[in-house]
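Chain nomenclature is as follows: A, B, C and D, assigned in order of appearance, with residue numbering initiated at 1 for each chain independently.
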């Protein structure tokens, strides 16, 4: 018996992960898949669950797929638990973005005000899930791809005994993009934080081709980023000075002003949340079609491409002790020596049956990379603490030092606004003394 | 023979430092004071030099005061060299502030665009001065209070063999302010960077009263900051969360938005440079009065109060091996273990005849303080490097990560604008490949 | 009221500390001195107490001296507590040395088997004393000069809330010796561990004369060490390679073989403990003389010269916020960045009313100094842990890595022998599972 | 074309490496093997070379094997260079051991006086080899299994641009031994220095079974170590306290006394060098047999079992980008955060076409492991420096802090004796000022 439990099973991504499991059946002989969701998600999980069943049926494989609204029952016997939930669903995300816009800031679902709010909503549910895992399937691996993935992973690492690995599709996409430019033969070594990584090395048979890559990019060659990120126009001299390739999300830092102009000064701007909402509605309409028994092409527009496939690959790599190099979120333990030992980082790691072991990285000597990384981690540490304790001052401090958030008297207004909007999802702030 | 050479002798502060020397003559028996300045400063140095001579005459002390336009001659025989120069004089400062305003940013002469531009102008002259010191009076102490004091000190520490200590009046004023609130008996322990320090401990007979101080401040008690800083309205919950008292300049970070609103949205805003210009004109009118033989009261409005007095005290502490605790800029050497060993920090240090030895500090555990400090130091490191090498990309990177500067396409425009305006003061950028 | 409580008041050193207090009465107006000792020490404390009273009487000062056998009563009202106790008295020390000799090792009362055994006997009593201090006089400073001073200080720092400073006479004597060679003007900066320090800098008006000192010593110039250490014949090339002056106790490491030959191969070798026993007997015979009202000259042979005087000076420096530089045992906090933050180090520190603040030290680049220091601290950490917990395996490990102790099957025999001999002083090992 | 050059091709181990290459021909299609040796090794390289040719002929593979006495020619076109040389051949090793015995110390070819002397002889030849590699085949990987492997690797890493990986059979043997006890499924994670590693983790499907392993060993279960190491009787309480399994060579530290007794007090003790000499003579007699065309069984007694096989596996893992986990010597870069970044460590690493990337390790909290490791690395750093510069004082310091060497006046005698005996192999010490 090999059982996978998917928390947030009603996600529109589910067909991708199911496809991934089917494709890998030879190496990963899954016997049970459990799609767990909450009552509010009944329509979604039942719709996507029915499609999943059709996909499995078509494959002819002996996999039993279950839909469940009882988390503890769903966890029973699981070897792997995938977390892909969205507390408050898409409407909460739209609110996050609108909150940002109200105060003249971008929404940014992972590192900005949006990511902060999402962390506050998600940390309590995740810790609760982990208590159940500790209780019911303590040997299971938790594969987290719920955003903000690095922050959620750090909360689990610091406050539970669950074996967790955090996933993100950004390094996957970037690795593919670099392969386009330099050839399949290369292995990228990333390090940093979730949505805040640099490619430090592009290994090709013992040679590091990072400088060649940067030069190509300065000469205008580029690769495609996910739709929500668009094309980033790096300043060439800056790119060469870095000596490392920033990820797409770094545009919010190295080119914050341009990003803000694009999002805030644009007439008729539609939030990413609303876009996603529309795509989802359309997707679920497709999913309802009883003749559909494959993952529809349209899913690829959803933004999270490769996410679910990376999750399947990660599970298979653990299961088969594959020694694959993947880019995941793990405990730092000195890998990035400029950051605390006990925090989560995103780094190229070897995946064995023992989990993810990050490859060592030399000290980061460029002050620009080092300094911004240290600040970002400080924001994440405060965010984890605020999310766990519900301490108002810690939350205020987290927002204050976040480079994407306005600082000062207004920060308190932003925080109060966020707490108000999300009040039903924030049990930890209930007794917060101040406000 | 005990000779002090003052580089930038024509400064309007000179009467304060002369007063300080006269006051301390019993313990610091100076025989010669040399006021060195460049030709462009002839009017100022001759005017203030004449006043200084009258002050000495009135004191009846046997101090010979010289005015000099030959730096090497002026350094000859010096035991202490005070640097208080302003490359480009006040007009350059006004330009710095206007530059900021043109791009919707505050000017900020030490940590913002203003401080960056001033560093670019000042580093080449300072290194040149240090070559002369190494040559002519290698045993002399360089007491630097030219701004940005921490950055200039780091440039000297990293690129010369001169014995240097950097000074700033911010910790002095803050110490006095805290004494007002808690009583004379206390000793504040500061650490951080110039204009970016926190008071971590308020020692009172082995007890740390920092928490009591913060509580008082949250209850509305406060002390006066220099005129240019004004009153800072800290958010109480934030102050308590920090567990340490930020300095006045921290308002530009913890309350950046408020500071920007105040400076940029204000009608008829007059730059600090213009204010200073006006004060200076008035001061020099006073200095011209041949009957004046004391430091005029009006100098206290100039903003740099205690600066020159702190310099006199520092010189006396070294000369007399006084073991005084002062707050100065020195090599880090692990004092703040979260920052590189070889950078300059501002920290409470014991002053002996051997110079300034920083007191040890426990690790900084608050992520908010740690993260912002690490980012600020990264900015300073890049600034020092850009100022020494004239490397365009390093300069661009420094501005990009500075939290007070706009980031992205516009950063290049700001930098190009700055380089254009200041071109005659920036020999190091002459051959800068890019632009 | 200013009260000093001396724990181990019956020590033969007491006349020196009394003399120190009398000498400093003008700056340190003590009103009460309490000599506390246990019943077993009644003869000694009453004898030396009577002498102390005669000394005070002769001085004409208004100091009340008390002898007490009730520790809690004795602590009441104390501002300073001096610990100079010897658990098991001198016979235990003789046993320590004989234990070493039985197994072909030197006894070494601070870093060797002797120091380890003494730590095991002393830690429980000291922690017990600290519980009383926390209870009765929580604001008092504990000045510890009970050996092994660094280990005892670390135990107090890690396991109590008492404000403690550890003292040793080795750096004092070394500073005096260096002054003999280079002149009074100098300030030595030491760092390391108790009985394991190097002089890293010899500051003279901002210049470092350490190299000059080492060269002088290589040319045969030297200064006198305490009688128990004798003259050390450093290998000149080694001394120059170190670039720092080892303390006298370093002969047991850099010249371990010579030290062992001297102590173990010598016919009719008399242990230092037996020598001390003889001196003590003679001293107490002198102390009994009712006409004696000064500290007798003979006390200087006792080895601990300057110890008590340094204690008086330290107390006065705290009391008067003197800002004196002294060499004391304090929490590391990154001063020596190659050692853990939370351990005790011995380092030149500024003494204020807030206690001892170590001066910063640059990283230790010489691998020889760094590596031996790190090993020695590892021994001390294990020793503290074994002394507090009574864990047999930790004790075994501490001895195994101690460079002065034989390693292997024999280490267990040595440990068992030590535990047997000292059983009545080692309550913490009572339930030690193994043996 | 895929060429392997073997420096020290006349080694008695060559048949093992040839066998390894033949066995792996399918995955590692070698076209050329060059056995390089110096004139003094002509008999050996011609004898073993002839055997190698017979082995290849028997295999029927299309591999061209060459014997060469011209190093630069031999390196031309090489993709991998294996270094297995022995400067001074076995007689020098015997001298090393006898030198130790003359002064009452064990010989210890890797960490003791023997290893030190061997390093002094080998570093100059290795650096010279590296100059040729840089010149002729700069892209080649240097696979070093010349002892002391970690020290040689560090010298290459610090003083050349050659891509180097150091190998040792100790972790290989230990991994196999642990598999015997716990089953094939496990992956050991080692870290430390060459001949000074601990097994920190025994991963089994995400669980760490290290404690179970230690408990088994305390109950008397054990695995076989190479003949020269014999069985180690660990003290159970010590093993449990370590929480990690020391390697066989650690008996010289944790049980130094027992090891010394065994080697020094034994009548008719035959040095390992003499044993090896005898085995070698016998082996070469076998190799001369023109009918022999396989690796003879007797080679397994030679002590270096698995060495050459590990080298073949390492080469194949690089060539095929295998992602195998192997235990190799690489640059630390913070992997062991308690050691300098730029030193060599031995650690479990993932092998890719880009070389060896060490897996991250959590901080080492046990003071016993940490302290001894730091001291050992300090010895190695000094040894590398002495080997490169020929600085007498650095050499003296290295020996002084080596825990297996006697310290003091005698250390200079030992060093002088070593320099005398080896004078023809130590060009770097020729101008050493002192002696």
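By definition in this document, a contact is a pair of C-beta atoms (placed from the backbone, for glycine too) under 8 Å apart; a residue touches a chain by one contact, two chains touch by 3 or more.
None of these values were measured; they are calculated from a predicted model.
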item: Geometric centre distance via CA averages, chain D-chain A, whole Å; value: 44
item: Separation of chain B from chain D, taking each centre as the mean of its C-alpha atoms, in whole Å; value: 56
item: Contacts with two or more other chains, residues of chain C listed in rising order; value: none
item: Pairwise touch network: line, ring, star, complete, or other; value: ring
item: Pairwise chain contacts, counting only pairs that touch as defined; value: A-B, A-D, B-C, C-D
item: Touching residues on chain C, where the partner in the complex is chain B; value: 139, 141, 163, 185, 187, 189, 201, 203-208, 318, 321-325, 333-335, 337, 341, 350, 352-355, 357-363
item: Residues of chain A that touch chain B when the two form their complex; value: 233, 235, 237-238, 240-242, 253-259, 338, 367-368, 370-372, 374-379, 381-382, 392-394, 396-398, 400-401, 403, 406-412, 434
